[in-house]
Amino acid sequence: MSGIVNVGIAGLGRLGKRHAENLAQRIPGAKLVAACSPAAEEREWATKALGVPATYADTAGLLAHPGLDAVFLVTPNTVHPGQIIAALKAGKHVFCEKPLSLDLDECLAVEAEAKRHPTLKVMIGYVRRFDASYVDAQERIAAGGIGRPFIVRSETCDMNDPSGFFVRFAPKSGGIFLDMSVHDIDLARWLLGSPKPRRVFSVGTIAVHQGLADCGDVDNGLAIVEFDGGAMATIYASRTMAHGHETATEIIGTQGRIVVGRDGRMNEVEVADAHGIRIRTTPTFWERFENAFLRETMHFVDCLRHDRTPGLTLHDATEATRIGIALRTSLVERRAVDL
Amino acid sequence: MSGIVNVGIAGLGRLGKRHAENLAQRIPGAKLVAACSPAAEEREWATKALGVPATYADTAGLLAHPGLDAVFLVTPNTVHPGQIIAALKAGKHVFCEKPLSLDLDECLAVEAEAKRHPTLKVMIGYVRRFDASYVDAQERIAAGGIGRPFIVRSETCDMNDPSGFFVRFAPKSGGIFLDMSVHDIDLARWLLGSPKPRRVFSVGTIAVHQGLADCGDVDNGLAIVEFDGGAMATIYASRTMAHGHETATEIIGTQGRIVVGRDGRMNEVEVADAHGIRIRTTPTFWERFENAFLRETMHFVDCLRHDRTPGLTLHDATEATRIGIALRTSLVERRAVDL
Amino acid sequence: MSGIVNVGIAGLGRLGKRHAENLAQRIPGAKLVAACSPAAEEREWATKALGVPATYADTAGLLAHPGLDAVFLVTPNTVHPGQIIAALKAGKHVFCEKPLSLDLDECLAVEAEAKRHPTLKVMIGYVRRFDASYVDAQERIAAGGIGRPFIVRSETCDMNDPSGFFVRFAPKSGGIFLDMSVHDIDLARWLLGSPKPRRVFSVGTIAVHQGLADCGDVDNGLAIVEFDGGAMATIYASRTMAHGHETATEIIGTQGRIVVGRDGRMNEVEVADAHGIRIRTTPTFWERFENAFLRETMHFVDCLRHDRTPGLTLHDATEATRIGIALRTSLVERRAVDL
Amino acid sequence: MSGIVNVGIAGLGRLGKRHAENLAQRIPGAKLVAACSPAAEEREWATKALGVPATYADTAGLLAHPGLDAVFLVTPNTVHPGQIIAALKAGKHVFCEKPLSLDLDECLAVEAEAKRHPTLKVMIGYVRRFDASYVDAQERIAAGGIGRPFIVRSETCDMNDPSGFFVRFAPKSGGIFLDMSVHDIDLARWLLGSPKPRRVFSVGTIAVHQGLADCGDVDNGLAIVEFDGGAMATIYASRTMAHGHETATEIIGTQGRIVVGRDGRMNEVEVADAHGIRIRTTPTFWERFENAFLRETMHFVDCLRHDRTPGLTLHDATEATRIGIALRTSLVERRAVDL
């Protein structure tokens, strides 16, 4: 592919809008030529705010857009596999937000379809792999900076929403581990050199949002993952932090340790007053990973323009789902689960 | 008891010497009147360096020392229960280093004996409960500062000793969880309000010291403990840190989070040079907890002088052992263990 | 002005290239339509790398470019005043890199010319005013968050270049205070509410680069600035840091203190190994202020599109130069200088 | 001197009590045999709380105490020189709190008297030289860890006392630089290798306590000190901090920088809640330097017991006063002052 990549986006919700803005304004080599949403006001936003030339109410329309090279899917988890397969059949490259699917068979079906289209790129958006700090950590580890890495301790913690708005989406989220911890699982695999998972164990509790009990979910969870070869990971997920969002990961090796994201600070400001010395923390994942989303899309677009393979494979996404499902099983069935 | 407490110490190894120095020089209200060690050079050290008036080769001699009020036991784990019982029978107050025992029946036997001597105080040295930072954290939590605490994440990590000297003591240590993590277990119970443990799970790996395989031990372990009422703890123990000793504990509540010991810094010095901006970390637990050992002994002596009950009960020590044993079982038998 | 702003840039050196890239790729509402440089390879870079439609070898050509709305001047300090005046006479809006000039009369001449063109915007690039952290600090202070601010302590420290390459440019730089500390001076004025300067004092030393002696310059300088009403600032400038670039500013008020940029960290990675616990620092100002340069240009373009007055006036730039000159005088003449 | 040092203390105010407690309970090799205070209740405290065998209402009585080896003077600044001279004439070693005197002639008179008693030790209590972190910094610098040190930036900031109680003592304090900054001056000299001061400049402001105007003092001051050989120091003193006490010092060398005391944290506790992530700071200098006071006294007692010269000489104390006086002159006369 020479020159500019013509991209269409499906899904213009909160995160979809962010991707659309990046594609329209900040990605050299990409052009946002079409957008798709069932909501008329979202289509109107794309037209007016971003000047997107064409909008569609359904994905079929989007895929038929003339000259389209690639689609960005920022749609509900449940429709990811069908949409990816449809896009591949239409001859389009695909970027899809994580997770690939909540169902392992569907993951494998997508992998199978992708194999039938060897010239098309498919990448699932595990955005942390494109964060400058995680990239730095991974490169140091790969260069032997901490000896042999063997433990990852990772957490994804969201600031509490007292309204509990998210509880209504819990039944479709796959539960806390599939919704939140897949990021940590993917990081653990990446930073440990993609070992094979062997066994998982998880526990959880409802600290605040009792409504989660109806679908067997929790608002705080702890997990352990064992890999072949003696590597291990421990994961913490929370939806009830008082102070902000935190994503932090510790990688322990035989010669040293790397921590990414320990302090969770919003910016370089520190205030000292009658309450002590304080920093403000990032309210959501967006402030923490805004630049990573940009780098992620740049990477994908560069892969299309220069016919390179994205760093992150469909198999990686399948593995994250597979381990996430096992953690969910462990939580619900209250037992260690072999993989 | 009015006035000065006459103390005898049994055990003058590395930690025993520290306790002896504190008792001899820095504890108002205490007098170190006798010391006991099977090693002649250690007894000589007590005489010459500290001016201890009397020394004994065995505990029986020490307990018979005229006018003795209390004994400090800084002896091997395996002899703790017998020595505590003998001291109680001799009418002495007892301070004993942690753990109480590696055997649950022995713990219960000590508790039973102590009940027969209601006027005698017995305290097991879970020193972190006397560290100013942990005390501050506990008081803030007890005052409702983070709402209801429901998760503790705690770690005890030692700097790697490349010689692997400790491997020879591993068979008698009870394994990594009983040797190291009992501290974290005790902290978790204390900070969460002493909930009843329900189930544990643990995994481990040998990262460096292959000799540990002979006794089924590991040099890095991860554990999860579930308590009644929805509280949970996750614990990390390591003997292979490259940069120093670290003890850190995070307590998560419904309204906030407290972290103790995050940065592990040795002192207030920060160096910026070609290697970045750096702090030096504490090489061993001693630099981190030196003041806590002092406060611990002061607390115990104060309890004797003013007939107060030590904050830390024998039951607390029994529970730490009980959970530690379950973690060991989980590691060896590769299954979750109900309590 | 409705719609898109057509911008031309003069100067395609290191920083000029950065501005050109931003204008060409990342500023919604701006179009980079022309570029100007005496160097043929720089003009070629603009054409090939950025697709700039027209290039010129001199500013006169650039200013005559049809349809041009605004110019960005990223040229040597000494030509700033003449170029700004020429651009204003040609009816163009002007963004010019700091400092406005090293000569006070020239500053005043530019101010006078600008007054003759009330519909044209002129802004000097004191980029730190657009850094998210400094903006946050300024807003907190303006909202009374630290009571009445009365002291600013600010530093600009560059990593040492052992080659001493910069020494050859020292004669034209105006000296360390006019070259580096004008940033801190501008910050101090902004954060203290633009008080009138009253008296300055400065000292300096050559720690490494003896070649600076020829032009009366130093590689490390300390300064104090007194303002009317009792506010004060102290400034540190260094060209010889071993570990990286640092820009840090402390603002002290009657009710609290704010520090911006204390830790100078490059990213969220922390390494613990045999050298202690370490962070990497930003090698140059660019890594620290990359986003601020982007926000600065967005601000300027927005002011043109919506006919708003830039937050930063020519008078601010004149004052920074005026205080910088006085600091230079104090250093050379070894006396306090009244303003 | 073999064995135990018999010490008497004069002055049992807030800091005197701390020294007395240390001498009575925590200094191996010292015995507090007498105490002196004009206040009956303070003498009573010494008797009851510490068991000091003898008390006196005046220094003459104390110096006549049989068997006395050394005196600790924790008395008002103005009486230091006379008391030191009297003690020397009585054949006693002397420890005296800083500053030696507010008057340069008095400093020199003490130095002269001390020369007449070469077997007696005199040390002025510049306590920071005994703080573990400052000692670590000094040793690293002396070992070449940051190349040649050439700039010190140091601050002593006290938490604001809204009652302004201290204002009544301001007339006798010598002003903010002689009262507070002498510590920073002494540190700067020590860390830079005792260079000769050449010129000073200072400014100040009254931010809160208007009552200070009556005696020409300020509650916030900034100063610059130039030394021979190109070394420089900049000093900040404040009595109006909102968040606590802070003592911080930065030493810049040709190969690196060391910072001591940057974060001012009270302990190892960090709280994350709706107010951000916070640490608590030390309320007063005592929490920061409690251990340093102990080490200082141990050092002095060891010097007596082993006939060693204290690290800190009377000349050091004289120099601190001399520079402090010059800073006061600069503030009052609004000019740079040559030394």
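As written, the chains take the letters A, B, C and D, and residue 1 is the first residue of each chain.
By definition in this document, a contact is a pair of C-beta atoms (placed from the backbone, for glycine too) under 8 Å apart; a residue touches a chain by one contact, two chains touch by 3 or more.
Owing to the predicted nature of the structure, the values given are computational and were not obtained by experimental measurement.
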| item | value |
| --- | --- |
| Pair of chains joined by more contacts [C-beta pairs], C-D or B-C | C-D |
| Most distant chain from chain A by Cα centroid | D |
| Rounded Å distance between chain B and chain C, as computed from the means of their C-alpha atoms | 57 |
| Gap in Å, rounded to a whole number, between the CA centres of chain D and chain C | 42 |
| Multi-partner residues of chain C (at least 2 other chains) | 146, 241-243, 255-257, 262-263, 271-274, 280 |
| Residue ranges of chain A touching chain D (in the complex, touch as defined) | 241-244, 263-265, 271-281 |
| In the complex with chain D, residue positions of chain B that touch it | 25-26, 28, 131-133, 136-137, 140, 145-146, 255-263, 267-274, 280 |
| Parts of chain A lying in touch with chain B, wherever the complex brings them together | 146-148, 150-151, 153, 199, 201, 203-208, 220, 222, 224, 226, 230-232, 234, 236, 238, 240-243, 252-257, 262, 334-336 |
